[in-house]
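You will see chain A twice below: alongside chain B first, and alongside chain C after that.
== the complex of A and B ==
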């Protein structure tokens, strides 16, 4: 059992934040999530919960709406687009024309995703012996290739060699797509004379070349069918942009004169390769022979195929170097009030944030640890049906004291219902204050706590309705859980597995043995009315009247794994 | 779109102005003028479909091809999607769950998949959507879309139009869930619906075709004629069945059994080899045998001749028994099995063809592919069949299997050669046809002017074929080329996504356009059924807009009655 790494950490204070810590769910109204949350307890077992639970660190907080904002309910703005490999900043217009990949020489290995370097294929042996500047002057010459220093894949394996070591992206796309097609090459409508087209377009082989050939074909067809009947086209325009009555009249009058001409041009199908048409080559015996000769190792893995920019790679020599994907820095706004929630520095190399309103500054953090009992080490896994007490410590980050109300279902949802009792569901956590150095305070408190525990163990009483321990801006309360037993009752849905000869453990679904408590947290506090919301503040009081606020959300506490024995 | 604020009065107008206007500014200006009659702009006949760069600059339309296992997402006008993503169980993880990077995660797959249907984590939706949590489908879709928009499309949350490429007869609840996700979670003003087979034919450069989409849950055969779906046939012989066969094949190979010794009716356990590994091996190693007889290659001009020369020195792959090593790491303990190369074609054989059984053995939903394609062609009207049979388009994930497309094509050709295109088959029909007595009668009847029993009787009428004046007229057109028809021919398509990208860039109107505001107000129940639409009004619109070769069909949807196109039919 000890192999379940994330949840068997002996001290749950360092338990991974993802589950054992607080995961909050944003209010459903901002989401379009079903509104049934009012009536039903949040179910951390339901598959949908995975999409609405976020660790505290992922959450932002809008100080205007006083709401938690999760990554699903923010609107984003691009700040910077850059290549993560060369840190070169890319303009958003060039992203539109050049695509979402770095157009310099940043490439990833298609086999192992390591970075590729440009290397000469014919390195002169003495060049390596020379000093650096000499080598640069005499230099390795000849064809160049992209090579991976990790798995020694080389682009020459797929027959890709470059004439010069610069501008690899352009050279590669030329090799791949033929010379004629940049992303924007297309023929205007006048360009349909066959001579020019044939000069322009060789047999289109690549997808992109075929695509532009098809586009040119359709454009020429559409153009010819509308220029062939300019009169009718004009009439058609009347029809388009006018009410129906007018159209009818117009078509009555214009019908006789222009209709025959209009009908004469038939839009035809593409039927030569230059128009993007291609009969399929159904004889794949070559590929079968290749598969037989190469075997399993000569085919690409699905992960490799998925990292390619085009689909359809099957054999190892279908792999192309992958230009590295650009990345963005984004500013996030509240969707309701457009308030900026986070804004990074625009500079690529700077990883700081200008504005970042993290939810951790506004809602209390929760840490869980087993209630220390003298002489008994905290258990690794929860023994079923054996009551165990946990300490929940709420730490208030705000400068106002908050009143916390907790609610949990008496039994956790799901197949294995554990009983949960919050001994003190209502308490007040003192305000944080900024006249201390926070680190020092925390250290001192920790020290105090440890001293106190060492001095008089058991001085704190586990008592219903009472706070277990209290500090300046934190409160610990006790939660008692009785883990469910994981014995599967013979329910019909599970019977299908029962006849298996394998002595497998009961078909416990993934993570079903984790004891997770959905907990509804409601915070109430009074704060200074914010300056920009003076009008909203309750009137009829003095200027320094405090504004009452509340915030409520579901969170999920992952206590630990229940033993399966 | 600035006109989004008040879509109702300008709706039809605006969608037309989008078709016609060349720049975003002009469309905006036009649409502000409301529905009042006014002097139209000059017809922009040639520059309407002008340079794509201006199209890109004006608006980026996002094309989403929705599949059960795969999504393709990208911008209109691109030749390849910016991202193709296959759903897998990893997408279901909670944010901040990094256990996948921990040691031993790969080996723990049995725990993760316990109690779930085989491969269910890898599907966006199940074929049977009854009782399915469709909101979960929306959640999964949203996560993938958000991730793609952020990481691959590099777009912000500005409103963008979306074109959705849908398989034929996508279930209505699913469509509703998808549209809900798009409209509620993303700032999308309009969603256009496009039909996947129609787009596949569009991307092949043809106007008609028989699209064989070998997907995940089903293989869907759709006849498209003049960019309209004529009819759809389906069979469950598709990717899912292939993977199950692959699993059975691998498990048998692991346990040293032959498929014959596998007891009938006893299911092969799911937890011996993981789904991922089965899929990996199925995509990498499986291949498809050639048909036993090759059809006479008389008039298939599109097909190159076979390269028999290279094969002469080696053994035919179908008889090759050299063991091919395949390393399996998900079984306990991990092993390398050696499978004769010829046997690697077995899963494909049993999944798609099953030639050892008579055609009568199969249920309607599990016809072998070649039979389905043949019957599909057979059921089509004569003219449509003539067009479709020479435009067979293969698509879908399974069509990438080496040799499969050729095999289906050959089998269909064989069937056509053997049986012709006579829908009446069987011993009785044969006896009837071979009975000279009856035949004479039939001929006599035909001569007498009664309805001929067998449709095609070319010898009878070839002499005095009436001259069709319209046909003559068309033939005299200078750029006229007779369309290829009547011969079996397979052509290559760039795929539905590329077709949609092309069509959207060329501003071909979609089958249905759904506005955000109307959807949020009315939901799926607000959509009119296609048969409730005023047919006359529709026809009028279509007639008006015949301009560009019939491709442009009118605005179609008024605010008062909007439809979900062919998907809204119940």
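== the complex of A and C ==
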């Protein structure tokens, strides 16, 4: 059973707020809701909802389109690529040549994922401690290994030792690809000359080296075959990267008679090891013996094998240190108007943002908590069929007062339909005043307190059409919920209506006992037309007068779990 | 910590706005530097006595009167109940020594969490029951979720969400989530109603 943690807190303003602020992604093109969506309510249980609900902090707001933008609809572009471990910035060109992993000494443990540190294998710290000349000793020496401080894995377990504690990546790739660094280096260098390859007769060990050997072999084959045949559109132009490939394809489709009738040289396949050929080892007796001796502990897990940079790790001694993957800083753009929504500073160490248009500054935050009833602690789980009242607080972050209109379906969608009543579906939330003057704010807060106290005197009544509580820039309203019962009684056939489908008698599915209310929020406000906005705004109402704005979106309120008894 | 107004309230409030619970275990207070407006709850342990041992001096705090602060804490930090701040230690030039633990501003340390990092940046949230291993470096705007074990020597870049045992980066802090690291409001919720005259200096 899933834990109840989000709902056990006494004032669940923080935890269900995670759910309460889940905001439906508005369609990226139209203001508000498309026509076909107006007919049916948003279903938080629909599998698609997972992809359109985001907590408020994940949402951005395009000030040009006046629309909420979610992580799914923004377009991202790289600002900086860096190593998350050594925090070194990596240029995009070197990412192209050297791959997406850190080429310094940042490695992750292949067993757990902890960071690996270079440690001396000849560690005799006790001896140096005791000896008098410890100041003279230049620290530990001798072979070095990568060790994990979390699971105490050491690269010496797989026989990987380093001569010096710097440049681990280069040393490791040297060890991995054998002493001849030729194949690996030449792979990154781009074109490989086959004459150089002929020099090393040893079988290329690593997958990478084998791949480059194979590639070099076939390139040389193609080159020789194309020079052999004088035909235009011969097989020699078979390279994917060659521009001749296009003409070859064109010649095929044009049906011209210039077909290669006789090939001068027949291409052969790679058949010796130094051409990259390796017969598959069908003799698994070694592996079986190893498995018998080492047992399950000697094998690798799926996750471990997947984290390896090269394929084919089956046993624990196949695990190599994993160079840490690079990470990026990204800017985000509005998909419609290409305006930048967020842009971090390019430097890795700088945590400031040049542009950060978050939705939290433009749409009210919604928090939900049970209506405090004196003497009765708020229940952890919701009792079925028992009305319970919740306080919904809207806080306006904007400097204009907004008119909020709420709508919920009378019954929540899903098998267990709970009844929902919003007691005050229409109200106005005051503007958020400028926080420049601290005294003003303090005064306002004082006023808030006084307002609240005055309200506490007795005018605090749960009444339809009335705001429960009101502050400078926030409003609390009451939502009454009658949770559904989770028992499924088959309706007696006499009472059953013809158009009503049978109740699904399936047992309770995962999280089906969570009561979630879809709520449609419509905001209306008037704001000063911004300067850069003139001419762009489709409304065409930009005058000296205030501009009327409107924003509408679905959101989902997570109330809690319904008791199962 | 010797206060004449023992009955005044749970917290000692200093001139710089620190609110330190009388039930907090602060050891080696002369080696602990608080930036101000920091809350230390009851049963939180701060091991200021584990100072850096210069050359061959003893590690007990009294033996080294020079300014070797072992724990720096910035402004608006919040140390919850039962958490422990402990400077990391290692063998350096043949001798074991502790290294200072630096904590930035707006850092929350959850209940029963142990922090042995080398550096914690600003705007870091460490949830309850987490362990931050020795010499870990946590950058700014990092959220360490409940029960995480950050391995020793790990570097956590900015805007990371970390979870798991061992801890790994599982996500990014969204653009709109930066304000949640702000600790000013939490600071205001703690303290005595009547602030007593500050008994101690800036050092704890």
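The rule we apply is simple: the second predicted complex is superposed on the first by the 424 of 565 C-alpha atoms of A that agree within 3 Å, B and C clash if a C-alpha of one lies under 4 Å from a C-alpha of the other, contacts with A are read in each partner's own complex, and residues count from 1 in each chain.
The rule is simple: a residue touches a chain if its C-beta (ideal position, glycine included) is under 8 Å from a C-beta of that chain, and two chains touch if they have at least 3 such contacts.
As the structure is a prediction and not an experimental result, all values here were calculated from the model.
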item: Which superposed partner A:310 touches (first chain B, second chain C, both, neither); value: first
item: Partner chain in contact with A:58 - chain B first, chain C second, else both or neither; value: both
item: Between chain B and chain C, more extensive residue contact with chain A; value: B
item: Partner chain in contact with A:291 - chain B first, chain C second, else both or neither; value: first
item: Touching partner for A:376 - first (chain B), second (chain C), both, neither; value: neither
item: Chain B versus chain C as contact partner of A:86, first or second or both or neither; value: second
item: Where chain A meets both chain C and chain B, residue numbers; value: 55, 57-58, 71, 327
item: For the chain A and chain B complex, residues of the former touching the latter; value: 3, 5-6, 16-19, 23, 31-34, 47-55, 57-58, 71-72, 75-78, 81, 92, 95-97, 99-100, 183-184, 186, 188-190, 207-208, 210-212, 214-215, 217-219, 221-223, 225-227, 229-230, 232-234, 236-244, 246-248, 251, 262, 264-271, 275-289, 291-292, 295-296, 299-302, 305-306, 309-312, 314, 325-328, 330, 494, 497, 500, 502, 504, 507-510
item: Complex contact set, residues of chain A against chain C; value: 55-60, 71, 82, 84-87, 112-115, 117, 125, 128-129, 134-135, 137, 139, 148-151, 327, 332, 342, 348, 351, 353, 356, 358-360
item: Parts of chain C lying in touch with chain A, wherever the complex brings them together; value: 91, 93-95, 133-134, 139-141, 149, 151-160, 166, 168-169, 174-180
